[in-house]
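Every chain is named by a letter (A, B, C and D) in the order it is written, and numbering of its residues begins at 1.
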Amino acid sequence: MVRVVILGQGYVASIFASGLEKIKAGKLEPYGVPLADELPIKIKDIEIVGSYDVDASKVGKDLYEVVKAYDPEAPESLRGITVRKGIHLRSLKNLPIEAVGLEDEMSLKDAIEHLVNEWKELRAEVFINVCTTEAFVPFESREELEKAIEEDNRDRLTATQVYAYAIAQYAKEVGGAAFVNAIPTLIANDPVFVELAKDSNMVIFGDDGATGATPFTADVLSHLAQRNRYVLDIAQFNIGGNNDFLALTDKERNKSKEFTKSSIVKDLLGYDAPHYIKPTGFLEPLGDKKFIAMHIEYVSFNGAHDELVITGRINDSPALAGLLVDLARLGKIALDKKAYGTVYEVNAFYMKNPGPKEKGNIPRIIAHEKMRMWAGLEPKWL
Amino acid sequence: MVRVVILGQGYVASIFASGLEKIKAGKLEPYGVPLADELPIKIKDIEIVGSYDVDASKVGKDLYEVVKAYDPEAPESLRGITVRKGIHLRSLKNLPIEAVGLEDEMSLKDAIEHLVNEWKELRAEVFINVCTTEAFVPFESREELEKAIEEDNRDRLTATQVYAYAIAQYAKEVGGAAFVNAIPTLIANDPVFVELAKDSNMVIFGDDGATGATPFTADVLSHLAQRNRYVLDIAQFNIGGNNDFLALTDKERNKSKEFTKSSIVKDLLGYDAPHYIKPTGFLEPLGDKKFIAMHIEYVSFNGAHDELVITGRINDSPALAGLLVDLARLGKIALDKKAYGTVYEVNAFYMKNPGPKEKGNIPRIIAHEKMRMWAGLEPKWL
Amino acid sequence: MVRVVILGQGYVASIFASGLEKIKAGKLEPYGVPLADELPIKIKDIEIVGSYDVDASKVGKDLYEVVKAYDPEAPESLRGITVRKGIHLRSLKNLPIEAVGLEDEMSLKDAIEHLVNEWKELRAEVFINVCTTEAFVPFESREELEKAIEEDNRDRLTATQVYAYAIAQYAKEVGGAAFVNAIPTLIANDPVFVELAKDSNMVIFGDDGATGATPFTADVLSHLAQRNRYVLDIAQFNIGGNNDFLALTDKERNKSKEFTKSSIVKDLLGYDAPHYIKPTGFLEPLGDKKFIAMHIEYVSFNGAHDELVITGRINDSPALAGLLVDLARLGKIALDKKAYGTVYEVNAFYMKNPGPKEKGNIPRIIAHEKMRMWAGLEPKWL
Amino acid sequence: MVRVVILGQGYVASIFASGLEKIKAGKLEPYGVPLADELPIKIKDIEIVGSYDVDASKVGKDLYEVVKAYDPEAPESLRGITVRKGIHLRSLKNLPIEAVGLEDEMSLKDAIEHLVNEWKELRAEVFINVCTTEAFVPFESREELEKAIEEDNRDRLTATQVYAYAIAQYAKEVGGAAFVNAIPTLIANDPVFVELAKDSNMVIFGDDGATGATPFTADVLSHLAQRNRYVLDIAQFNIGGNNDFLALTDKERNKSKEFTKSSIVKDLLGYDAPHYIKPTGFLEPLGDKKFIAMHIEYVSFNGAHDELVITGRINDSPALAGLLVDLARLGKIALDKKAYGTVYEVNAFYMKNPGPKEKGNIPRIIAHEKMRMWAGLEPKWL
């Protein structure tokens, strides 16, 4: 059994909840879940025990009602969980959503205590963070982080940072908890949080779930690197109509995204080929099924110039939601292994920006094998 | 030093010769050569000592003149080698080329003896077969093969099969030789030839050099398989204007190509997703820079349907020629290791249809690491 | 009122019937119908009065049941028409369908008489031919056509040719009828049939409904021609999973398709740019939504080389079905005008291979305006 | 003879000059010039008599030297013209270029007088404006424009506006001159300038030369509109590596571009389908050959959803340069016709944002025919 708490009940979390219940009921194949039936912890062992959001129209609602807005075929088995009020700290700024948060009524310190108490009651084990992409600044020292909380410095902190801090508190008190950070805010890549996790029986997976065009780009670049083709330039566009794309029209949020994605080029090619890789725009009718376009130009043998163009329509939320089904279970496995801090073997496959900070990207196919071995599975091809 | 003999001085062999000499002269980066400077045998150690063809307009010409028709910037250092007369056996049938072959003047048995004698004189070590794609039938027994040669059965044999047989004779007599079969004719996948090689101090690499859209498709399929996405269908087109595409307008030749390429789907996905993968047409103005188009549809988490479209312009001949720069050196290394028969570790990365017959395709990125280890190099990511 | 008889109750005819009834019931916008509400004859004036097929599993069934297999949302208003037995003459050869036809029980001459009598009873006005693509040979003289019918020469004739002949008989007897030939068999381009039509109060529209990639290619070529860009080459692939694509895997049928489509290049560019334009393959899971890919290379000012790649997923049957909603009404208008023979103004916009034979393709946007004027509408932009 | 003065000797103007001279010398086909040999004024009649720029590294240089930096095969016949100092007014702001302008040494009023005197000496007839894209504000009244010049208000005016004003002065004095505005600044769409032109014997063509993805998008939209397909959304990206793309990374300049391009959607479809159409980014290695990507989704008959994706590599500068070869000649023809003010027939085909203001976009293929008729040519298809 894995007891999961969701932080941010938006598109991804709703598809996660809906698909999970359908698979558990035997109504859906576990497509899009990399380890499907292979792990000792089965998909049917995952139980969602709590859900938090800061959208006024969701807080207090039944989970089934919220999920149904995203997936008309949401199963009734989602009934019975009430979406609770979380922390926002500007995370919905400039979005057409009315935000409510615990911090509207109390200090951050009190909000943290409030959350820890709720989680004890829920006996939460794994926390999945799928908040809206935030503009953030990493922390430079434990002191700075603790001071910001102590002084209720709401301009310095983001929701994700406060959640991570609260989970560390909780993990320390109850003896262990895992935090899956599926958004770009640096947590597994912030040494301050990794140290805090080690001291608090906490496992962090992160940062930024590896979905969409980027892991695919990674494999394309690995393909070229292994043939020693020299990449001249890379352009990658993507445009979508979900809230995540709307949020990224905000320049500062977009910046955090850009930072993450660019590191793959140098990591995989060994040189920093000129590239333009960033979310490009918002176009409402595309909905959750984004349009991606990529152009790569490279030099082959004898000076020949080749070109590849990749386009596609990709459902954004299901891609990440499927990974979360693994990450919830791997979080529990890591707790069983007492692998406190962060776990590069997991991050390298599942995250765009795999922590810890000093580690980079490796080809995903290699990462996949290493992750399997970490999880106690046979490698598939090695 | 690796002493190389080319069989089939067409586009690929000419780009190979031209690029090789430019790299040796320090005028070109070794882009497109996967192992570039990493092998103990360096690129400058490769020496082309002989070249065979059956195009009446090439036989007897200086190598430089022949190569220049394909690469106007061919270096003068190619001068001094005369293209010799080889074996054709219908390999130019239906192509607008006048064919001449040793078999026009003598029996196949005598032709083989003639070739073996020439190779002794050239002190050949590695033979690179880049003949035109042939329609062929694999052999079922050593006896059948030997009988066909004995009885001068020109309808049963192809040029590649006769060359492979002749090289086995030669390897047996001189104590070792390697045969790189870069075309679809099954040699490394024909147990008769692999057995013959083991008995004759011969190394076979094959079959069908892994270039063009197929290895890329392989990596795309691996990418999807590792995320457990369920592939609904795959369509892959390619159209080009070089002689290889012209030859493939011949239905029987096309069949050999089709056979090779389709095996990757089942090998990599684990199920035989419906697919249409074959060379599609000939369009002269495209020249050696073919146009490829691929469409893949798959199911992601929660039943979502995604689509990928990949198009590109890819120089056909340089892609294969770059691999040959490695294969020539790996052939010599295999001889030093006495790895007679065929070498799956090499074939799995460099060949579309990696022999021996009982082995299938694995993800190329994994194959790349295994090949490095076989060659005594550090793996790059493992 | 327009009384319509369908010949070939397959995918296109079923979508036509289903969409038509939904529009008439006010449940669907007339998207995909070029002239929508603009014609004096309204969409609600179209009435399907008869339907013919030769698939044993359809003949004798209610139209609603047949249509429902193609469109699960087919409206109940289709009930009440029974699919009748038509003529097959090899039109289902090599397809996995059991064929039944009037000619199984009687001579072609008797079958024609039988049909004419049924049509009199139905008071048919416009016949829409959407049979499976056939391999055919045009007729060279009226005598040859009449002799083939007289002598019951089933190898010389196709279903479409027999239908066209029968409709001419019918039109002569009742004073007028229109034949919309939406498949590649040359009827509007066969002078024998055009002459026959003129003598028989018959209107022919044809040949081969202008849907799919071809009219779009036509507009792309017009775009380039009007800027005097010099087209170097054109490749166009398409692959689908409906019966039409399955039928085209038959080499001879494919040839009729290829013939039609190629003429646009020379007609629109003024020179015959090298091209490869033909249906490429069958891939069942694509269903009716085919995948198209097109590559065009051209020379711009100062010798610059540009490239365009167009890919898409296009629903095959609705595209043609939408045109039929206009063609049925234009057929009636042509009858009112006594425009016997064939009408280039209509064909030039709606047909891939617009008859009569001596006329070629013109840019579709121009054709659209001319067609409007012929139909008594204001041009839209002129 | 047409005596041409270039304003802005950048990429486009240099390709224009180079290609023009090659065609005049019979060394190049007039590909990319829509009317090629059809006009009564021939290409060889065009003479470049002056060139202006504000890049310190170009001013005072021989035209041949400047052009050669863009086209290594520039013909020697370009020698003999010295690039003169023009007006900048922030047009190079934020670009890595040192700007020099007449206004550095004198008032705008004096600069205008200086230019008019130079032009008299050059006997200029047609002025081609290909300055860098500017951020601008249109004028609301003649008074406001005249006051801005009188008061030397450098913040209110852009280079293009000052040039247009100066040319009006010149045209009034010498009896006629034409101004081809190939950049987005509204001139043909600013009623103040059109009125000024009518009063001054001046012809204006504009605004923003119709090249790149936009006119192609226009034809695609016309294609869909004429079949009554309902467009759900349109995304169009383009990324390039020339100075124009670098300039557009500046947010304000980009806005002027965006304004222009969006109008086509409503003009051609009749409704404002959601769209995202704007230059997307700068990627230096792409150079002048930009990468474009477009995605269009629409509803066809019976509610079917289709998708088109268009990608391409297009040389930016030659596309516009080829149009300028026509526009220079049409400018002279308009002067001969005394068509003072602006000429919609010309603008509708050659311009993205065809003036006058009250007129919109029409399908380019129709516009092409109307333009031919205006120029005294036979229509091609009507």
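Following the convention adopted for this analysis, contacts are C-beta pairs under 8 Å (C-beta built on N, C-alpha and C of every residue); 3 or more make two chains touch, one makes a residue touch a chain.
The UniProt protein names, listed by chain, are A, B, C, D = Myo-inositol-1-phosphate synthase.
Please read these numbers as outputs of a predicted model, since none were measured by experiment.
*Asks:* At the place where copies subunit B and subunit C touch, is the share of residue numbers found on both sides over half (same) or under half (different)?
*Replies:* Same, since over half the interface numbering is common to both chains.
*Asks:* From the C-alpha centre of subunit B to that of subunit C, how far is it in Å?
*Replies:* Computed value for the inter-centroid distance: 47 Å.
*Asks:* Take the average of all CA coordinates in subunit A, do the same for subunit C, and state the distance between these two points in whole angstrom.
*Replies:* That pair's centroid distance is 52 Å.
*Asks:* Just the number, please: Cα centre separation of subunit C and subunit D in whole Å.
*Replies:* So the centroids are 44 Å from each other.
*Asks:* Among the residues of subunit C, which are close enough to touch at least two other chains?
*Replies:* In subunit C, the residues touching two or more other chains are 307, 309, 311, 313.
*Asks:* How are the chains arranged in terms of who touches whom: line, ring, star, complete or other?
*Replies:* Shape = ring; chains linked end to end, path closes on itself.
*Asks:* Which pairs of chains touch each other in this structure?
*Replies:* A-B, A-D, B-C, C-D
*Asks:* Given the complex with subunit A, which residues does subunit D contribute to the contact?
*Replies:* 232-233, 235, 237, 239, 274-276, 280-286, 291, 293, 295, 297, 307, 309, 311, 313
*Asks:* Under the touch definition given earlier, write down the residues of subunit D that touch subunit C in their complex.
*Replies:* Those in contact with subunit C are residues 15, 18-19, 22, 28-36, 71, 215-216, 219-220, 222-223, 226-230, 289, 299-315, 318-319, 321-323, 325, 362-366, 368-370, 380-382.
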